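Please go over the structures that come below.
Below, subunit A partners subunit B and then partners subunit C, in two separate complexes.
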Partner chain A sequence: MTKKEKILLKASAAFAALFAVAPAANAMHIMEGYLPAGYCVAWGLVCLPFLIAGFISLRNKVKENRRSMTLIAMSGAFIFVISSLKIPSATGSCSHMTGTGLGAILFGPSAVGILGIIVLIFQAVLLAHGGLTTLGANTFSMAVAGPLVSFGIYKLCGKLKANRRVSVFLAAFMGDLFTYCVTSLQLALAYPSESGGVMASAVKFLGVFAPTQLPLAVIEGILTVVLVIGLESYAGPELNNTGFLSGREKEAR
Partner chain B sequence: MSVIDRLCYQSRLRYVNAEEKFVYAILTLIFCVASRSFAVALIAFAANGILTVGKGGISLSRYCRLLLIPVSFLVVGTAAILVDVSEIPMDAFAFPVGDRYLTGSRATTMEALRVCAAAFSSATCLYFLALNTTMTDILDVLRKLRLPSLFIELMMLIYRFIFLLFETAGAIRISQESRLGDRNYRTKARSFGEMGSALFIRALSRSNSLYDAMESRGYDGKIRVLSQQQPPRKKKILMIAGFELILAVLTIREIWVRTGGHG
Partner chain C sequence: MSRNTKTVLILIAAAVLIAAVPLFVLKDAEFGGSDDAGSVMVEEIQGEYTPWFTPVLESALGGEIPGEVESLIFCVQTGIGAGVIAFFMGRFVERKKWESDERY
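Let's look at the complex of A and B:
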């Protein structure tokens, strides 16, 4: 027993050392080539209806007013830049925002789908976060599921007349958490545990990613609040003109 | 800013026909993922390394450092595949924790190794494409694949704007830092948020003036760019075809063996 315990101790020490060496705690992009081929295709197909809906809504927006073309592109670039800048993190490791909650609050869930997939392609090719084969799975978790939850919570808080800061925080925080849960589930579906099946595996993936993802979600929530409050106090008229900010702000003004 | 984007402009393979590079990278990627075999992974890993470092002239240390980017995900994710919590110890290893075991079977260990190999070699495929092809060339290839033009144009504009916004963000960061904007955690978080909102406001006004500039130069909803294409070389196409054929054979064999083994 003691010998085994020693081995365990050594293994955990080595594991901890690897953590210290391993460079970044990114948002949870599934790495290139990490999912089996079938799952890559399946998640791509799942995303497709959302992407088509987003594409049609964007195309109509551009047809209606051609000026929105540069605006939409600028929004996409904004999401990319915000999500690739280092954020101040409590532990000192270098981490990034996902920008899902922010995107959903600013641009609505349909536009975020298309912008999200473009941002993810750029992240894969320019930053090596995520990958081309896992693009479908990553798009689903970060550009479809997360933003939908964020947007839903944001709207719900609006209906309940909750405090602005609280509702923005909750939207970004829950969006991030949901993205993390969906990604864990995607991994678990691809790699079910031998003893407990998909659910046990999901618990494992949730567990191993929790130390990096939970603080990140809180930080992302706080930063999104500061950002949105800043936007509202300095750029109210511009935001209203773009027609991007969802209904509630217009009513409030 | 993106190191990869800077490096790809220095690559010696930059002016090789983009479609050849794209097809090579994507096919190799597909075979790596589909086969999950060590042989394919090893061949692809070696080929991409030779092409990127040897032919492309990207420095080896840079390449290795780039390869480390996804390692944190790989380590954490694979740990979750490898280790199982169960009351019964399995055949590969088992550590008692309380009345349960942190355990794993030979089959999962094998699978975890396979996943690591496949993931690492596919990452090198992605790096080959990213480090030797400029984004504008990739967009050209995507256009030839008949992706909707709105999508391509959006990508093109976003690619351009990313650098504009990075520059603006960098300037804001410098002025924040020089005014003690990252004195403690509280101010750091506030600085970041305020930088974000300032960046967005700048981006809005930038996009408006950019549209005005484009329209005054005759923008009619389409952006036309001259693309400089190198004609594809027969020899290279044959080499790529031969290489992919080998990978295809290995992949089919691997899948056949695995399904045969289970059945």
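Let's look at the complex of A and C:
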């Protein structure tokens, strides 16, 4: 990281912290125009430091080793595929998955932010799915919060020496679920219910998203494991570069 | 069949089952989007709610994106993703083949 980049990162982090402290006024894909303008701006600012950190981390990874480009492209493509599949769920409505778990495991949470926002912009502009005004909030839930949880769970499983496939599954599963929890909270903050306030609202929104998302999160976990198995068998050198296979795999051998 | 192949097949079968079963079990369900269910919820809490901003494409078209076109764009999205994954995966598989060929 150059000096300039560090300053930029710190400044944006401070800026975001300011907004987080100011009475947190303020949602998977929140529909266009469904968040009051103030919230849109605030979530956008909160995302900024993560995106800048992501940009820097991606650039450094590519600079370090041009070969990681292939896996970065694949993680991005995975998000493209996974988030375009609307899947019927047990509750009788459809939802789609996030696909950010894979990238978070391979490249860390900040790098996925950039991949996630590309998908979100694509869907907001071309599909009227999500939205440009709610981009900040959606980016925070899908491309920042979800990957952070995935990454955390994966690292935790590593510490506990859990089976790698199980940990990949859990990471993707929890990341997906958490994305929707954050969305519920974001909506609840913007629309506290009259009787019970933010919490009552949050429970209501969770009631809509969580049961629908649960089976989908399982599918996301499964698909992520499938791709990881594929990469393990054929893309050993690339995985070594990202540090994915180092450590535990070497011990095992 | 190697152990990996078996695991992958079982996993894919499980994923397809999870997605397909609701369709057959819940015959009356509409299977609308849960993003839309979210906006219904907003209205329930807030009373009438008019979104203050319409999607760019919708205002340019002067209406909603036709359903068929929407599914087209979704397919394009899936296609781009699947294409990139398949391209690189193909290269990886082929490379491994070449490497093992050289050894012998």
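Miscellaneous remarks
Following the convention adopted for this analysis, the second predicted complex is superposed on the first by the 179 of 253 C-alpha atoms of A that agree within 3 Å, B and C clash if a C-alpha of one lies under 4 Å from a C-alpha of the other, contacts with A are read in each partner's own complex, and residues count from 1 in each chain.
Criterion: a contact is a pair of C-beta atoms (placed from the backbone, for glycine too) under 8 Å apart; a residue touches a chain by one contact, two chains touch by 3 or more.
The structure displayed is predicted, hence computed values, not measured ones.
Of the two partner chains placed around the shared chain by superposition, neither subunit B nor subunit C is touched by A:47. When the shared chain is aligned, no partner comes close enough to touch A:177: not subunit B, not subunit C.
Contacts of A:142 after superposition: neither subunit B nor subunit C is touched. Look at A:58: by the touch rule set out above, it reaches subunit B but stays clear of subunit C.
Looking at the shared chain after the overlay, A:105 reaches neither subunit B nor subunit C.
Using the contact criterion defined above for the overlaid structures, shared-chain residue A:196 touches subunit B, although it does not reach subunit C.
In the superposition on chain A, A:121 makes contact with subunit B only, while subunit C stays out of contact range. Of the two partners subunit B and subunit C, more subunit A residues are in touch with B. Within the superposed three-chain model, A:217 lies out of touch with both subunit B and subunit C [touch as defined at top].
Once the two complexes are laid over each other on the shared chain, residue contacts for A:67 go to subunit B alone; subunit C is not touched. Within subunit A, the residues touched by subunit B in the first complex and by subunit C in the second are 28-34, 36-37, 70, 73-74, 76-78, 80-82, 84-85, 87-88, 90, 119, 122, 124-129, 131-133, 187, 191, 193-194, 201, 204-205, 208-209, 212, 219, 222-223, 225-227, 229-231, 234-235, 238.
Every residue of subunit A that touches subunit B in the complex is listed here, in rising order: 1, 4-5, 7-8, 11, 15, 18-19, 22-26, 28-37, 40, 55, 58-59, 62, 66-67, 69-78, 80-82, 84-85, 87-88, 90, 102, 106, 114-115, 118-119, 121-122, 124-129, 131-133, 187, 191, 193-196, 200-201, 204-205, 207-209, 212, 219, 222-231, 234-235, 238-239, 242.
Listing the residues of subunit B that touch subunit A in their complex gives 2, 4-5, 26, 29-30, 32-34, 36, 66, 68-77, 79-81, 83-86, 88, 90, 95-97, 102, 105, 107-108, 111, 115, 118-123, 125-127, 129-130, 135, 138, 148, 150-151, 153-155, 157-162, 164-166, 169, 182, 185, 188-190, 192-194, 196-201, 203-208, 210-211, 214, 219, 221.
In the complex of the two chains, the subunit C residues touching subunit A come out as 4, 7-8, 11-12, 14-15, 18-19, 22-23, 26, 28-39, 41-42, 44-46, 49, 51-58, 64-65, 70, 73-75, 77-78, 80-85, 88-89, 91-93, 95-96.
Across the complex, subunit A meets subunit C through its residues 28-34, 36-37, 70, 73-74, 76-95, 119, 122-133, 183, 187, 191, 193-194, 201, 204-205, 208-209, 212-213, 215, 218-219, 222-223, 225-227, 229-231, 233-235, 238.
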